[in-house]
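Written out below as C-alpha cells is the structure these notes cover.
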Amino acid sequence: MPVPNPVLYPAFNVIRLSHVELGVRNLAASRAFYADTLGLQVTHEDSVAIYLRALEERGHHCVILRKSEAATVNVLGFKVFAEADLDAAHTFFTAQGLPVAWVERPFMGRVLRTRDPQGIPLEFYAKMDRLAPIHQKYALYHGVKPLRIDHFNCFSPDVDASVAFYNSFGFRVTEYTEDEDSKKLWAAWMHRKGGVHDMAFTSGKGPRLHHLAFWVPTPLNIIDLLDLMATTGYVTNIERGPGRHGISNAFFLYILDPDGHRTEIYCSDYQTVDPDLEPIKWDLKDPQRQTLWGAAAPKSWFEQGSVFAGVASNDPVLKAQPIVAP
Amino acid sequence: MPVPNPVLYPAFNVIRLSHVELGVRNLAASRAFYADTLGLQVTHEDSVAIYLRALEERGHHCVILRKSEAATVNVLGFKVFAEADLDAAHTFFTAQGLPVAWVERPFMGRVLRTRDPQGIPLEFYAKMDRLAPIHQKYALYHGVKPLRIDHFNCFSPDVDASVAFYNSFGFRVTEYTEDEDSKKLWAAWMHRKGGVHDMAFTSGKGPRLHHLAFWVPTPLNIIDLLDLMATTGYVTNIERGPGRHGISNAFFLYILDPDGHRTEIYCSDYQTVDPDLEPIKWDLKDPQRQTLWGAAAPKSWFEQGSVFAGVASNDPVLKAQPIVAP
Amino acid sequence: MPVPNPVLYPAFNVIRLSHVELGVRNLAASRAFYADTLGLQVTHEDSVAIYLRALEERGHHCVILRKSEAATVNVLGFKVFAEADLDAAHTFFTAQGLPVAWVERPFMGRVLRTRDPQGIPLEFYAKMDRLAPIHQKYALYHGVKPLRIDHFNCFSPDVDASVAFYNSFGFRVTEYTEDEDSKKLWAAWMHRKGGVHDMAFTSGKGPRLHHLAFWVPTPLNIIDLLDLMATTGYVTNIERGPGRHGISNAFFLYILDPDGHRTEIYCSDYQTVDPDLEPIKWDLKDPQRQTLWGAAAPKSWFEQGSVFAGVASNDPVLKAQPIVAP
Amino acid sequence: MPVPNPVLYPAFNVIRLSHVELGVRNLAASRAFYADTLGLQVTHEDSVAIYLRALEERGHHCVILRKSEAATVNVLGFKVFAEADLDAAHTFFTAQGLPVAWVERPFMGRVLRTRDPQGIPLEFYAKMDRLAPIHQKYALYHGVKPLRIDHFNCFSPDVDASVAFYNSFGFRVTEYTEDEDSKKLWAAWMHRKGGVHDMAFTSGKGPRLHHLAFWVPTPLNIIDLLDLMATTGYVTNIERGPGRHGISNAFFLYILDPDGHRTEIYCSDYQTVDPDLEPIKWDLKDPQRQTLWGAAAPKSWFEQGSVFAGVASNDPVLKAQPIVAP
C-alpha cells in the first residue's frame, strides 16, 4: 500500500497527543515510579487518581494514574486547536459510525470521547487547566528530567487500516516499515505536532498500547535514570536499551512500570513540519531499522502490550461494529 | 501594549523560517567558517555563491553565502504550507502597500519577494529542491553538529509595530520583554513552527539582523565548538557565552563570522504548539531575562547587527514609504 | 627560575590532598550551600561542625565546616602513604624550622600539624575513618554530583619560594606561568596524586586560599548546577564561568559560598603519573593560558581570597620567622 | 583466598600500563579502525607497523599495529619510574625463573622483555620518546576522542596465581569477584596508576588478552562512536554495550577490530590512590557485578580472546617451565 498523502485541510485540527489515563493496581507503587523515579510532577492526587505533568508542560496533566482492579489503558487524549474542532470531530467520528459522547473530565473543558475503528479509546479536548510554567524551576528536576509527553505507540492488527484512518483526519506519516513481499505496512509513525510521531502503529495482536513516551533533554539523562533504577530496586523494570532506533533516529530506553505498562524515554528525533517531508521507508528485513545499534530487543518487547479498557485485545473493534459506549 | 492574540486562521500559512542569504566578502573565508568549523554541509557551490544545509534538513539550503562587496543580509526566507499560500501572501502584502515580486531563485519553485514595513527583505516559497536524508550519515557530523536552522533575531526601531505586523499573518508571541514604565514592548519572540521562535525582535537601530541561529543536540556540542574555535584561530570570533537565557531557556553561544554576521548556537527551548500557550512576560529590569546565568553580554552584542541589503539601518522603511523593489 | 626537577625519593610520601576545614559564620547557610546545593554528603554534624564527603570518597570527610566568628580557612589536609611518613614529615618540618605538633582530630588517626614557610596551616595524616562506598548509590546524587575533592589553589607572595618548598617534599610541577621579563614564576600547578594538581600557587597578597575544587563527571553537571543556583537564590554566588582554562585544560566554574570562600567545579584535566612529564610553560602575556575561551575573569577573582587562621594575609610568615603554633 | 595486602615497598616501581603491540593481518584495515574510526593519532608508520597515541598522551605510542600472518598480541608494555627500576625488575624476574632479555625497540630506551608465569609477554621501560602535547589541538579530535590507554584485561586459567604474582611487584586489587563456594578468585582488578585498574584477570582459558581499553571524556563520546560505527560498516564490530559495570562503575562499550582484537571504550571509574582503599568484593552469583544495567553480555564476550604470541592459550606457561625466549 502506498503511504497516504498529507491531508491539506483535515476535518478537524489535532494539535498534538496530550495525555493518557492508565489503570494501575497500586497508586503508591505507581507514584513511586512516575513521580519519584521518573521525575514527573504531581499536580493533583486523591484517593482514586494521581495527575502528573512533565517539566515543560503547562497543561494540567499528561498522565493520569487511576486506581483499578487490573492494568489497563483507559484512554489516549489529544488536544485540538479550537472548540470548533471538537464539534467537527464529533461530526467526523459520528459519520464513521464510531461511538461518540461528551464526557465530564476534571481539569478539562468539553471532552469528546470516541474510539478508533480498532477500538482504541480516544478523547479530544481544546481546553485543559493551564498551570504556571515550571521549566525554569530547576530545583524540581530529578529522575530522568522528563520535559513532555512525546508519543503513543500501539499494536494494531491492521496497520494499513490504522494509518489510513488517522491520515483521514490529518496525521502524516514520517517513517514506515513495509513488508517487501506483501507490500503491506508493518509499522508506521504519524505526527501532528512536528516531530517524528504523536502516534505510531506496529503489527501485532491488538489494539493494545505498546508504550507511551517522554522527551528528555540529552542521552545523559537516560543514563542517569538507568543508574538510578539499577540501584533502587527497579533493575528488572529495565526492558530494553539504551540504543538508537534506525527509525526516528531516537536514542531510546524502554522501561516497565509496576503494572507492566511500558514507557519509552526518548531524545534525538527531528523536525517534521514540512508538508512535503518525504516519509522514510524501511525494509522489514533491515535489522537496523529497529536497532541502528544496541542489543536486540527481548521477546517481551515484541509481544507484550497494555490492553485498552473496554476492548479485548484479540477482538479488535471494527468500524461497523457496535461497541461499548466510551 | 497588550500582546496580540493568536490568529486562528491567518491569511496564509507560514510553516517555518527556512533560509538566509548573506553577502560575504570572501567566499573561502566564509566556507571555512560555516562548513569546516560549524559543520554545515555544502550542497552547491560556484564562483559567486555557496549553498549549505544542516544535518537534519532535507531542503536544499538554509544558508546561502553570496560574494559581495560589503557584508549584508540579502533576504530572510520562509516556507509556506502550499502554493495557494503564496498567492494569498501576494494578496496580503500587496494590500499592505508593500513591494511584491515573483523572482527566480535556483533550487526553488515560485518565490515571492517582499519587505516588511521596516524594510526587512523577505522571500516566501512552497517548494525547494529536496535532498536525500543525511541525518544518520554520522561520518558527516563535525564542528558543532548543526541540525537545523532555528530562528532569526532582528533589531527593530519599533517592536510593537513589528510584532503587530507578523502577528497579522499568524506569528504567535511566546515570550516578551515589556518596559514597565512605557508599557511598550522591548523585545518579543514569535513562532510558527512550534518552538520558541522563528523570528524575534529587539529594540534597536534597525532594521538589522541581530543573528541567525542553529539548533544543536546538546550543550556538549557547543562546548566542543568553543574548544575548536579557541584553538583554530577563531577565539576572537567568540562574542558571548556559553550561558543560559531566561527568555526561551536557551543554552546559547554567540559567534561572529568573518564578516561580522552573528550566529547563535542554541539548544534547550521548548514546544509551543498549543494555541493557548500563555506568552511569558519579562520585566526589562530583570537581568535574568537575558542571562539566567553566565557573563554579562558585551557592548558589541547590544549594538552591532548586520545591515539588510537595500535599506539603510538608520532609515527604517515605513509602511507607506516607497522602497527599493526587492 | 627554572622549574624544579621531580624529586625521585622525597623525604616523605604525600598521596594526595585530602580535606579542608573552613571557618563559617552560619552553619545552616553553609550546609544549604555545600550539602543541599552542591550535593556533598553529610557524614557527621553537631552544634559546632559539619563533616562532608564527596560521592566517590571513602575517607570520612573532605570538607569540615566549623562555626566561626569570621570566615577563615583553618587548615589544609593531606594524606600520606604510611604512618612512617608522618614521622618523616615531623623530622622534615622540624628541620625546616617550621612549627610542628601532634594534634587530636576526630575521625582521624595521628595528625601532624605544621605550617609552610608562608604560614599556610597544614595537617598530615595516614589514617582517617573509612566509610562504606556510596559511589553506586545513585539515589544520593544531586546538585553538581561532586565525586571527589580535587585540589587547593593559594595566593602566594613568592611563587618561586612556594614551588621550591613543596617540590622539596615531592610535589611535581605540571604547568606554570612565567613572567618572560623577570623570569620569575607567576603561577604553578603541582601534584602528587597523578592529576594536574593537588596544590597550585598564584602570585598575590598572601598566603590566602584562592579556592578549593571538586571533580565532577562531565560539563553537563556544571551546567545543571548553574541552572540550579540561578533559580534558587544563588545567582550572585556564581563568580566566573563556565569556561575552559588553557592551563590544565579544565572545564571550570567558580562559585562563592555564603562566607565568600571560593569553590571551583572542575572536570577534564589529564593524567600526570609519568615522572618525565614535561611541565607546560605559559607566557604571562598569553590570555588563553587563563581563558582558552569564556568571559574574562572578574576583578574579584584576581583579588579576593580566604585568609588562613593565625596568619595575616599581608604579613606572610617566612621560613626563619617564629610563627603562632598551629 | 584472601585478597593480598598492598605491598608498601615493591621490588620495582611500575608507574602504569603503557602500550600494546597487536599483530594484525591487514595494516590498512587496522588503520581505518584505530585511526580513522576510533580517532587515535598516527605517530609513525612504515610498511610493517603503525604507531599510535591517544590525544592526551605525550609518550610516542600506546598501540603498535604490526603486520602479521595471524592475529596475535605480541606484548603488553609497562612504564617504570626510573632506570634503576628496570634493573630491579631484571633481578626480580630472573629470581622468579622467568625469561628475561634486553631488547631493542624503536622510540624507546632500554626495554626489558619477560613473561609472567602464565606466559603473558611483558615489556618494561623507563624512557620512551616524548612528543609535544596535542590535548588542546581540538581540531585533531574525532571518533571517540580517546584520551589515553586505560588498562588491559586478560583471561587467566588461575586468577589467584595471577593476582598473587602481580601483587608481588606492587599491583593493588581494587575490586574482585569471589566464588562463594570455592573461595577462589573468579576475577580481579589491579592498579598502579591510581584508577580501578592497569591490569585485570578473569577466569578462562588462557592466558589470552580479553581486551585493551581507552579512556574517553564522557558517555556521549561513546554514543557518538556507536552512531559512527553503525553507519560506516562497523555495526557487526559492536559486541557489547553500552552499559554500566557494577565492578569499576565503568560506562562501557566493547568493540572488535578487524582481527577480532577487543577494545573497551570506557569512562567513569574512580580514584584509587589511597593505600588503604578497601577492595570491593562481588559475589559471582550477583549479575549486577558485571552488568549494573544493560543487555546481558553475548557468549562471544565470555569465550573469545586474543592469543599471545609464543604461547598456546590452552597451554599456559607455568613458572618453572622453559618457555620461548621473549
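Order of writing sets the chain letters: A, B, C and D. Residues in each chain are counted from 1.
Criterion: a contact is a pair of C-beta atoms (placed from the backbone, for glycine too) under 8 Å apart; a residue touches a chain by one contact, two chains touch by 3 or more.
Only a predicted model underlies this, so the values are computations on that prediction, with no experimental measurement involved.
Chain centres were defined as the mean of their Cα atoms; on that basis the chain farthest from chain A turns out to be C.
Just to note, of A-D and A-B, the chains joined by more C-beta pairs in contact are A-B.
In terms of their C-alpha centroids, the spacing between chain A and chain C amounts to 51 Å. Mean C-alpha position of chain A lies 46 Å from that of chain D.
With centres defined as mean CA coordinates, chain B is found 33 Å away from chain A. Multi-chain contact residues of chain B, defined as those touching 2 or more other chains: 136, 218-220, 227, 230-231, 292.
The touching residues of chain C, when paired with chain A in their complex, are 136-139, 141-142, 218, 220, 224, 227-228, 230-232.
Within the complex formed with chain B, the residues of chain A that make contact are 8, 15-16, 56, 58-59, 79, 81-82, 127, 130, 133, 135-136, 147-148, 193-194, 217-220, 246, 249, 268, 270-271, 273-278, 280, 292. Those residues of chain D that touch chain A in the shared complex are 218-220, 223, 226-227, 229-231, 235, 238, 242, 244, 251, 288, 292-296.
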